[in-house]
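Presented below are the structures under discussion, each in the form of structure tokens.
Note that chain A is present in both complexes that follow, paired respectively with chain B and with chain C.
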Partner chain A sequence: MVQIKRLQEDGVDIITPIGEIDASSSIELDLTIAKSVGEGFTKILVDCSALEYISSAGLGVFMSYIDEFKDKNLKMVLFAMSEKVANTFEILGLYELLTITKDKVEAKKLVQ
Partner chain B sequence: MRAKALSRLLFAVGVITWVVLLFTDISVVFSTKRNLPAEVPTWLPGVILNLYLIALYYYYKLKIDRDDQLNFLDLLWRVFATGLVATVISLVLRLIEYLLGATTLTGNIVYIEVTYLINLGLMTSFLLAAFTAWKRLILYQKSKWLLRLWAFFEYALLVSLLYNSYIFPRADWLFNTAFGFFIVVGLVLSGNLKWVAFLNFRQKWTSLLLLLLTIFYLGYSFYTNNSLVLSVSGPELGFVDHRGHVFVQSLMVFVTVYSSFAFLVIFFNLPTTSVFEQKLEEVVNFQRISQSIQTEQSEESVYNILLETSVSSVFADAAWFEIKINEHDHRVFTYRISEREASDIISHLKSHHVTGVLDQSTDKTKNLSKHLSSLKGSRFRSILAFPIFVKGENLGTLALLKELPDGFNKEMTKIVSTFANQAGISIENFRLLEEALQSERYKEELKIAKTVQKSLLPQMLEKDGQFEIAAFSESADEVGGDYYDTLRISPEETSLIIADVSGKGTTAAFHMSQMKGIFHSLAQNCIEPDEFMVKANRALVYCLERGSFISASFFLVNTQNKKVRYARAGHCPVLYYTAATDRSDYLKDKGVALGMVRNNSYSNFIEAKEFSYAPGDIMVLYTDGITEAKSVRGEEFGYERLAEVLMQVKTLSPVEIQDHLINKLYEFSGTKNINDDYTTMIIKFSN
Partner chain C sequence: MKYKYKVGCSIENLKGVRDFIRTSLKNHGISDLEVSEMVLAMDEMCSNLMIHAHDCNPNEIFELHILVDKDDPVVFEIIDEGTAFDINQFKEPTMDNIIHEKRKGGLGIRLVKSIMDSVEYEQQRNKCICRLAKKVNFN
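Let's look at the complex of A and B:
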């Protein structure tokens, strides 16, 4: 189960998933990102500090936006991942495809 | 069989007692005539008659009890048939007497005695047949009280036989009291005519006829018996008169009264029969509509049955059922009315701003007939509409039409309302049933997919003098997408693959089969591991939907130079045990999963590596189902534990290592039903 919160700060949309993202809850994450894009945000941060687990389906959601973001010149940065979650991203090679930083300050700096 | 034999025996006893009665009566006549002292006691004929009655009584009782399938008409028919036989025989006797004319024979007291006893026997047997049949009718819908009263009546009647068996001083008061008492009880019992209501119109007419004839036979036999006794009254001493028999008389009165009551009640019930029949039809229709959900193939046929049954229940001429597909779209099912006519009426009512049919916000039955009169060219003059709800949501409207003005009364409105409710329930049930079937079908599909997936995994793994392989794969309830395979390319080169398709279900199994195809076509050509990944990625991009990917590791084992070249595309890092240093490590290197990068830049994200192996080295390939398996406390199996487990059994064969690992995994998670796919492939190198 996951609960996703959104917060806008200085024109940056911060999405915070809380809990675990598995096959069924990944849809929610997908909808949230799609909504943010639909509302016209060009700078999206994903706060992963409260993310306990992410399944391959959840990773698929981030992955599916890579091309679209590149085409539309949108920026997405993930930050504050726990070691376990970071490991999942790393194994699949998503560290090479997504921008992932340690904390929010760094993440904001990257999108600004 | 026993009952049949018993009833035959009783019948025989009846015949014998009747014959004995005849002889005793005649002997009484003779002895009296010749002024001889009686050879038989005078009370004997009475006792024998009673024996005859009892035998016959039990005969009929047994006969009717044996047959529980009798309906009301069958019962009436039996009584009628018995009466007919009795009357015909009696009439034949009369005819013989008429043909013989007034001879000494017909005037002979013996002849009269015989005729009288034949008639008496026939009459009592007819009465008893009727009595047992009426019993069945009276007790059709019984209460405790009624059962008791009947048992009392029956036993009291039997007891009254005693009265005629002994020579009591003939007391009129006793006779009158008993007789009067039986008449009263018989009258009370005759009020039980509930069965009449269950006859339909036709059956009622038949019953009336049968009852009328039964009454006629009763009257005839009573008259015949009486006249026979009277014809010998007085002078002929010794003639045994059985008229004063309280049992027979009470029976006569009871049977006659009940027959007359039944006749009158049926007669006066005739006009209301149609109402009862209609109610019955409603019940049948309700049943039909509830049953339809089990038998009908589509929701549409449920609607059709709803239309048909509601029309026949209120004698409507036509009906339609309008269902809402979405906010703007409606679909109309019609019955005996064209869709054009229906839509004409709908649009007419709409144009007059009539709520009820189209505005489904109201939940009241609406009689909209007055609005219909303003529509020209329509044959219908009455309309009744009712909304149908499924789970509190308005599904549509049922409209019934009649050509008569003011064709629907309050009663019909109520019926339609009940119908609409029942239809709502039926449709809901039908939908639930459909859903259940759908999920059943889905499960069946999954089963097939699971079999397909299993068949995609190799039955045999490559073997070599230099290495040995063991593999194990188990999927969760749903179909998984774990894949492993081996392929010998040349005597010294073998390629291995392990892959994990994201997602589950049939799509995962489908992608897995694609992966197998790619592996078998590419690996044959002794391809470099990184090149394999680049080509596989290019092939998969076309078939993987966005968001799906496959993680894989590809190995090329060369036994000639004892080297392994490999590439990792997002798959779990290999656990490698080096015998020389007695250490196990995860081979971490970069590599993006297949299907994630959809352009030609993928080659930048993959790299090939190489290492040399030595005897005793172990390579453990696995999917994330192993490392992510959770214990009851929510802890993950993890990489460290996996390495520890390997170290415990590093000296054993691959199969033993594998068994140990699986056991440890089950031990850790506390169950054999791990909620994910988990696969391992263990390669151990030897000389």
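Let's look at the complex of A and C:
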């Protein structure tokens, strides 16, 4: 359902979910972000270019980290969403709560 | 046109539910964005039902019907045995509560209510029908 890749560039951890995140697969996203934090990364980018679908279970994962990231001064930026995926975030007004940008260059600037 | 799909209550089957809806709505001239919104709302409804009413038991089955006719609202029916979990009676937590208390539950219902025009329940003997409708543009 979802495959999640990780790649490190200039001290930034880039998480790339490939496929669809729903109630059965959101745990994969949660574990990946938790692992990144556990390894000490303070700058995390989520490359959404291969994310085909996300339901509330996946959105809930991102939201569950908002407080922790604020407390620990960690930064997370999501980028390169398709129109459909971006629409899901928009319906819930998550553009106000998460940092979302158009591409990797912008995303890297925002975490530096 | 009426499309029917039977699904066992395992969340592994949500992918099949989404594919069924996408395929059913494919050749009706509805925009991709509107189809994707309805897919999302129905994924939320079905996952709620599987998790909260059926404890993800794959042997418990419900039916999903889609009624689509040009210039009418698209109607989805979830036909299930047993009692309904009426989302109209459910007060969603605020976004603040969802963030600070990590209440993941309310997000799905918020999505369904934002996307669909109506959500109604009908109790028939031993069946419960949940009917969701959305007005869309047909090209």
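As a convention for this text, the second predicted complex is superposed on the first by the 112 of 112 C-alpha atoms of A that agree within 3 Å, B and C clash if a C-alpha of one lies under 4 Å from a C-alpha of the other, contacts with A are read in each partner's own complex, and residues count from 1 in each chain.
Please note the rule applied: a contact is a pair of C-beta atoms (placed from the backbone, for glycine too) under 8 Å apart; a residue touches a chain by one contact, two chains touch by 3 or more.
Note that the coordinates shown come from a computational prediction; the quantities given were computed from them, not determined experimentally.
By the touch criterion defined above, A:92 reaches both chain B and chain C.
Once the two complexes are laid over each other on the shared chain, residue contacts for A:4 go to neither chain B nor chain C. By the touch criterion defined above, A:24 reaches chain C but does not reach chain B. In the superposed pair of complexes, A:57 makes contact with chain B and with chain C alike.
Chain A is touched at more residues by one of its partners, and among chain B and chain C that partner is C. Once the two complexes are laid over each other on the shared chain, residue contacts for A:83 go to chain C alone; chain B is not touched. Contacts of A:110 after superposition on the shared chain: neither chain B nor chain C is touched.
23, 56-57, 59-60, 63-64, 66-67, 84, 91-93, 97 are the residues of chain A that lie in the contact sets of both chain B and chain C, per the superposition on chain A. The touching residues of chain A, when paired with chain C in their complex, are 1, 20, 22-24, 53, 55-57, 59-60, 63-64, 66-67, 83-84, 87-88, 91-93, 97. Within the complex formed with chain B, the residues of chain A that make contact are 23, 30, 56-57, 59-61, 63-64, 66-67, 84, 91-94, 96-97. Every residue of chain B that touches chain A in the complex is listed here, in rising order: 500, 502-504, 546-549, 551, 569-573, 590-593, 596-598, 605, 624, 636. Across the complex, chain A is touched by residues 11-12, 14-15, 18, 32-33, 36-37, 39-40, 43-44, 47, 50-51, 95, 98-100, 102, 104, 107-108, 110-111, 114-115 of chain C.
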